[in-house]
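Some notes on the structure that comes next.
Chains: A, B, C and D, in written order; residue numbering restarts at 1 for each.
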Amino acid sequence: MAIYHPARKTPFNIIRSGYIELGVTDIQKSRDFYINILGLIETEQCEDSLYLRGLEESSHHCVVLTKSCEPIVKRMGFQVENKEDLSRIEALLQQLNLPVNFNNDRHHTLQTCDPLGMPIEFYASMPQVARNLQKYSTYRGCRPMRIDHFNCFTPDVQKSHEFYSKQLGFHLTEYTETDDDDPQLWAVWMQRKGNVHDLALTNGIGPRLHHIAFWCPTAMDIIHLCDVMATSGYVDNIERGPGRHGISNAFFLYVRDPDGHRIELYSSDYLTVDPDFKPIRWGLHDAQRQTLWGHAAPKSWFEEGSLFVNTTTISPRLKAQPIVAN
Amino acid sequence: MAIYHPARKTPFNIIRSGYIELGVTDIQKSRDFYINILGLIETEQCEDSLYLRGLEESSHHCVVLTKSCEPIVKRMGFQVENKEDLSRIEALLQQLNLPVNFNNDRHHTLQTCDPLGMPIEFYASMPQVARNLQKYSTYRGCRPMRIDHFNCFTPDVQKSHEFYSKQLGFHLTEYTETDDDDPQLWAVWMQRKGNVHDLALTNGIGPRLHHIAFWCPTAMDIIHLCDVMATSGYVDNIERGPGRHGISNAFFLYVRDPDGHRIELYSSDYLTVDPDFKPIRWGLHDAQRQTLWGHAAPKSWFEEGSLFVNTTTISPRLKAQPIVAN
Amino acid sequence: MAIYHPARKTPFNIIRSGYIELGVTDIQKSRDFYINILGLIETEQCEDSLYLRGLEESSHHCVVLTKSCEPIVKRMGFQVENKEDLSRIEALLQQLNLPVNFNNDRHHTLQTCDPLGMPIEFYASMPQVARNLQKYSTYRGCRPMRIDHFNCFTPDVQKSHEFYSKQLGFHLTEYTETDDDDPQLWAVWMQRKGNVHDLALTNGIGPRLHHIAFWCPTAMDIIHLCDVMATSGYVDNIERGPGRHGISNAFFLYVRDPDGHRIELYSSDYLTVDPDFKPIRWGLHDAQRQTLWGHAAPKSWFEEGSLFVNTTTISPRLKAQPIVAN
Amino acid sequence: MAIYHPARKTPFNIIRSGYIELGVTDIQKSRDFYINILGLIETEQCEDSLYLRGLEESSHHCVVLTKSCEPIVKRMGFQVENKEDLSRIEALLQQLNLPVNFNNDRHHTLQTCDPLGMPIEFYASMPQVARNLQKYSTYRGCRPMRIDHFNCFTPDVQKSHEFYSKQLGFHLTEYTETDDDDPQLWAVWMQRKGNVHDLALTNGIGPRLHHIAFWCPTAMDIIHLCDVMATSGYVDNIERGPGRHGISNAFFLYVRDPDGHRIELYSSDYLTVDPDFKPIRWGLHDAQRQTLWGHAAPKSWFEEGSLFVNTTTISPRLKAQPIVAN
C-alpha cells in the first residue's frame, strides 16, 4: 500500500471543485438556511431549483438546491480548463471502462462515476455573473466567499486515491494511515487549485458525501455564524466546532442544513502549489490531527453522510476504528 | 493653570453620557445612514423624530434624529443615579447661577447650560426596551453596541474642565497641554462610567459638538464599516481613519452623517475605575497622541463641528495651533 | 427565596475584583504558563512569589504565584475607594461578627471571611507601575488586559448572595434558579466595576474557587491561545471552549494552570452601569445559558475547584443537578 | 494597444513568485525589522547574508538580506515546475535574444533580464525546511505567512505586459488604463499561483522594484503591525495604509525597511483559477481603485522605488499623471 505522490501528469487540467446539486425536501427552509443564515447569494430560482454562489464567485452557482422527496446528492462537478479537456477525460474514462454521458441541460457537462461508483462530473465553463466581492453592504452570515472542497466517504481509500491521483492528477497534500505494521491509508486530502484540498476521501460506508465546504475570510466570521445560528432557531444544526484541524490547519465549523446535509465553514489553510511540496502524514492515533485543541468530534460526524442518487453503498474495506476522544 | 484631579466628590452620581438629539434635514437619508449603514436599531419613530439605540442597550434610545431646517444639536443628556440626584444638581446649578428647567416631554429631564453656554441635560431613568445583544442575526454595519461619549469644542478648556471636574465630579483620564513655559490645557478626557471618557473637551470655537462616539466590539467591525460605506455611496462621508489614537488607545474611525454631524466608531480603550489612577499627560507637539501610527487628521477634523441650538459661539482663549502633520 | 436587587447602598465603595494569590507547586512551570503562554507581565519576583499583571494594568499585580507544597488559594482581594472605606467595612464586619485582621506585608489589607467561611480581603491602594498597554511589541499569548472577575463555589448561593448584595453592595446582573415551584437561586453574577461581574457564585461544595478570569481584547486572541497551548505542550490544559456563554454573552475559554487552578479567558460582555438595569434570569434547564451554541461542559468543570487555605468546605444546600448536555 | 488575455499557453509552467535578494546596509538593523517587527523566520545566516521565510513556507527562504554598500535589489526569482522547464525557458530567451546565465551558488538558477532590462531568475527547487505553520507560540508581528508578489515600475507597461503574458504565460487579473480616446495600459496585475498577482507592473521610471508583498492571515494582524511599529521606533517607516485596495480587494499596509525598500503586508484577495475569469478594468481617474475608502497615497509611494543591481533605468513612455487625491 502506498501513497501516490507526485500525481501523474495528465493530458487535461482539472481546475477545482466546482458545484454540487443537493436534493432538499423544502426549498423555502433551505433558502432561509443557505441565504439568510450562511450568507450565500441567490443567482437564480427556476422551477424546482435554487442556484447559489459565494461572495467572490462570478460563476453562476456553486450550489444547486433542488426539490426532492428525500435528501440526496444529485450531482457533483469539477471544472476543467477547456472543452478539449472534456474529450481527453472522456477518452480516459472509456479506456478505464467507466461510464460516459454528456448532459447539456444548463451547461455542457461530462458525467461519469469513479471506480467506487461515486457519481462525478466535469465541465469547462459556466455562465458568468457579477462578482459581489465588493458589495460589502450585502455581506451576511459567515460571509462565505467560495466553495472550497468536497469530502466523501469511500469504502476503499487506497483504490479511490489511486484513481484521483494517478488517473485524474489530484495532488496529495495530507493523509492519515493506520499505525500498525502494514499501514493502510485511512483518509486522503487532494488538491487541484493550490490549497489543501478540492477533494478529501475518508474510510467509511460509501460512496457517500461527508460534507461540502465554503471558504470564509476569518475565524471571526465563523464565530459570528455560531452566534447567528444559536439565536435563530438553528442551535441544533451546529454539529462540531468551531475548532482548528491539525490536518490542513483550517479553522472549521460543521453544521447541518435542514435536510441533514453537512456543511463545513473553512478558513486559513495554506498554499500547496510548490512542486517540491511533501505530503504530510498523520498517524490515526494522533488525536490532534482532527482537532488541534483536543476536542472530540461527535459520533454523528464519523457515521452520517448524504447518499448519492442511484448509488449503492458498501461497507469499508478497513474495519472502523474505535472513536477515540478525538 | 492646573488639572483637577481627583475630581471633587459630589452629593450626586452622574452615571454616563446618555443620549443626544440631532436636528437633521432629511429623516429618510438619516435613517438609511444610521440604521442600514452604521447598524443602529430603531426603537420608535413618532412624528418628526426617529429614536435609535445600540445593540446592547436596553434604554429606549441614545440618539434621537429630529426633522429640522438645518443641522443642529438639540439636546445632549447625561444619566444620573436617581431622581434625588436631579434635585441635588438643581441646587448646585442655582448656587452657580446657571439656568434650570425641567422638561417632562418623554422622560423627566433637568435642562441647563454649562458656564460656557453649552446646553446639557440630566435624567435618572428612561423607558426600558429589549436588549438586542443576543439577536445576532440582526447585526449590521459596524455592530455599534452603545453610545460611548460626547466630544465638544469649548473656547476655554480650563474653565470647562473646572466645571465638569470640580462641580460635576467627572474624572480626568488623559489631557493635552501646550508645551511652553506656562502650559495651558488644550484638551481633556473625563469619565464617569469607568472607561476613558464620557465627555471630552477641546480648544476651539465653541461651544460646539465635535462628535459623538459609539462603542464597537472590534477593529474588524470598524474596517467592515469602511468597506460598506465605500461601496454604498458614502465614501465621501469617511473623514478620518481608521487608526489608533495615542490618547485613549482607541481604534477609531470618524465619519460624517448626511448632515455633516461627526460620528466616531470607537473600540478598545481601557478601564479607569481605580482610585489610584493617574491621568496621562500628552504634549501638544507629540503627534502620536492623535494617531499612534503617525497619520495626519484632515483640516476639517480640526475646524468643523455642529452648533447647539440657541447657543452663541465664541473664539477660543488659546490661539489655534498650527495643524501639524498629525 | 429572592434576589436582592437593587443592592443596598453602602457607606463604602468597593471598586472591583483586584488580585488573587495562588499557591503553586513549581514556580518555573507556573511562570512559563502565565507569562509565555497566557501572556501576563512579570512585575516582580521576590523570595517565593512571582507578581504578575495584565497588559493594561498599572497596579503592581493582579496575580501572585507563591511556592506552596500543594495547590491552594491563599488570598483574594477587592479594591475599595479609599482608606476610610476599610474602616467602614471593618465596622460592618464587627457588627456581623465576622473576623477582622489587618495585614501590612506589602500593602495595607483588611482580611476577613464571608459568612460561608470564604476568605476575602479589601485594600485601597497598591503600588503603581508602568501601564504596558501601548508596548505592543511585548504582547503575547491571548493578550490578557486585566483581571476581570472571581468565580466561586458556595454551599449556599442564597446566603452568599445576600451578604455580597445587601452588606457589600454588589449589583446582581444575571442569575440562574431552579425551575420548580419554589425556585432556588443556583448561581449569581454580581458586579462593582460596571460590566457583568466582579464575583460570581455557584452552588457546589464550597467555599472553593471555581476560576479567575482575565479580560482579552477579542475572540481572535482567545483562539490564538488555543493554538499556542495546543502546540506548546499544553493541549491537555484546555478544559472547555472556546465558546459563547448565554449568561454574560462572553466569548470564553477555560484552561487549567500546571497546578489545576482554573483560568477563564473572557471577552465581549456588556456595560451594566445603568441604575435602571434589570437582572437577567435564566432557568436551570436552559442549556444555552451555559453555551449559547449548545456545547456541553465537561464533568470536571462542574465538579473541580481550588481550595482556599485553612478553610473547611461543606456540601451544597441544593442537591446537585444532573449534568445535562450543557 | 491591448491587453493580452488569455495568456498564451507556454511549454513550461511558472509556479509563483519565489524569492528576492535585497542589498541592505546594516544586517543587524534589517534583522530587527524583518524578524522582530514583521515576524519573518530566520532559516540561516551565513557570511553576509540572512535567509528568511514566512510562517507557512517550507522553502528555505523567500527573502535574502545581503550586506551591501547601498540599498539595491540583487536577485528576484520565480519558481518553475521542474528542471526541464528551465531548459525550455532558456530556449525561449535565446530565441528572444535575451541574456541567459546559470548560477549554481546555492540552488540551480537561470538568470536573465526581461526586454526592459529588469533582472529576473527562474529555479525549479530549493532546499526544504520545517514548515512553522503550527508552531503558534513563535508567531510575531503581522504573522507573515508567505511571499505573495513583486510589484515593479516599468517604463513601458504595454511592452512588459506583452512579455510576461505572451512569452511567460502570466494571467492578467486586473489592469488600469488611461481614460482618453486611445487608452494606454497604466498598470497590470498578473498571476501564476491562482490569486490576484505574482507580478504587478506600473508605469514609472524603471525598471525598479516598487515593493514586495507578504500574505498575512487577517486585517487584525496588519493592524497589530501598525501598533507594534508605532511603539517600537518605526513609526516613520509606515508609509501608506492600512486600507483596502479597490484593485485586488486586498487589505494592505505599506512600510519601508531600514534601507527604504518597500514592503506590503497583504490580505484577503480572491481566487483567480477559473478559465472563464475576466480581467477587471479600472479607469485611471477612479480614485477607489487605489484605496476603496478614498484615502490618498503619499507622493513617495508614486515616486520612490528600489534600483536593481547593474541596471539602467529610463523614463516612462507615458507622461506621469497628476497625483490625485487617491
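Operating definition for what follows: contacts are C-beta pairs under 8 Å (C-beta built on N, C-alpha and C of every residue); 3 or more make two chains touch, one makes a residue touch a chain.
All values reported here derive from a predicted model rather than from experimental measurement.
J.: Of the chain pairs B-D and C-D, which one is connected by the greater count of C-beta contacts?
T.: Result: the pair with more contacts is B-D.
J.: On a CA-centroid basis, which chain has its centre farthest from subunit B's?
T.: A
J.: Round to the nearest whole Å and give the separation of the Cα centres of subunit C and subunit D.
T.: The computed centroid separation for subunit C versus subunit D comes out at 50 Å.
J.: Centre to centre, by mean C-alpha position, how many angstrom separate subunit B and subunit C?
T.: Once rounded, the distance between the two centres reads 33 Å.
J.: Approximately how many whole Å separate the CA-defined centres of subunit B and subunit D?
T.: Spacing between the chain centres: roughly 44 Å.
J.: Among all residues of subunit C, which ones touch two or more of the remaining chains?
T.: Subunit C, residues with two or more chain partners: 134, 218, 220, 227, 230-231, 292.
J.: Could you please specify the touching residues of subunit D with respect to subunit B in the complex?
T.: Against subunit B, subunit D makes touches at 218-220, 223, 226-227, 229-231, 235-236, 238, 242, 244, 251, 288, 292-294.
J.: Within their complex, state which residues of subunit B touch subunit A.
T.: 36-37, 134-137, 139, 218, 220, 224, 227-228, 230-232
J.: Using the touch rule from the top, collect the residues of subunit A that touch subunit D in their complex.
T.: Those in contact with subunit D are residues 15-16, 56, 58-59, 79-82, 124-126, 128, 131, 133-134, 145-146, 193-194, 217-218, 220, 246, 249, 268, 270-271, 273-278, 292.
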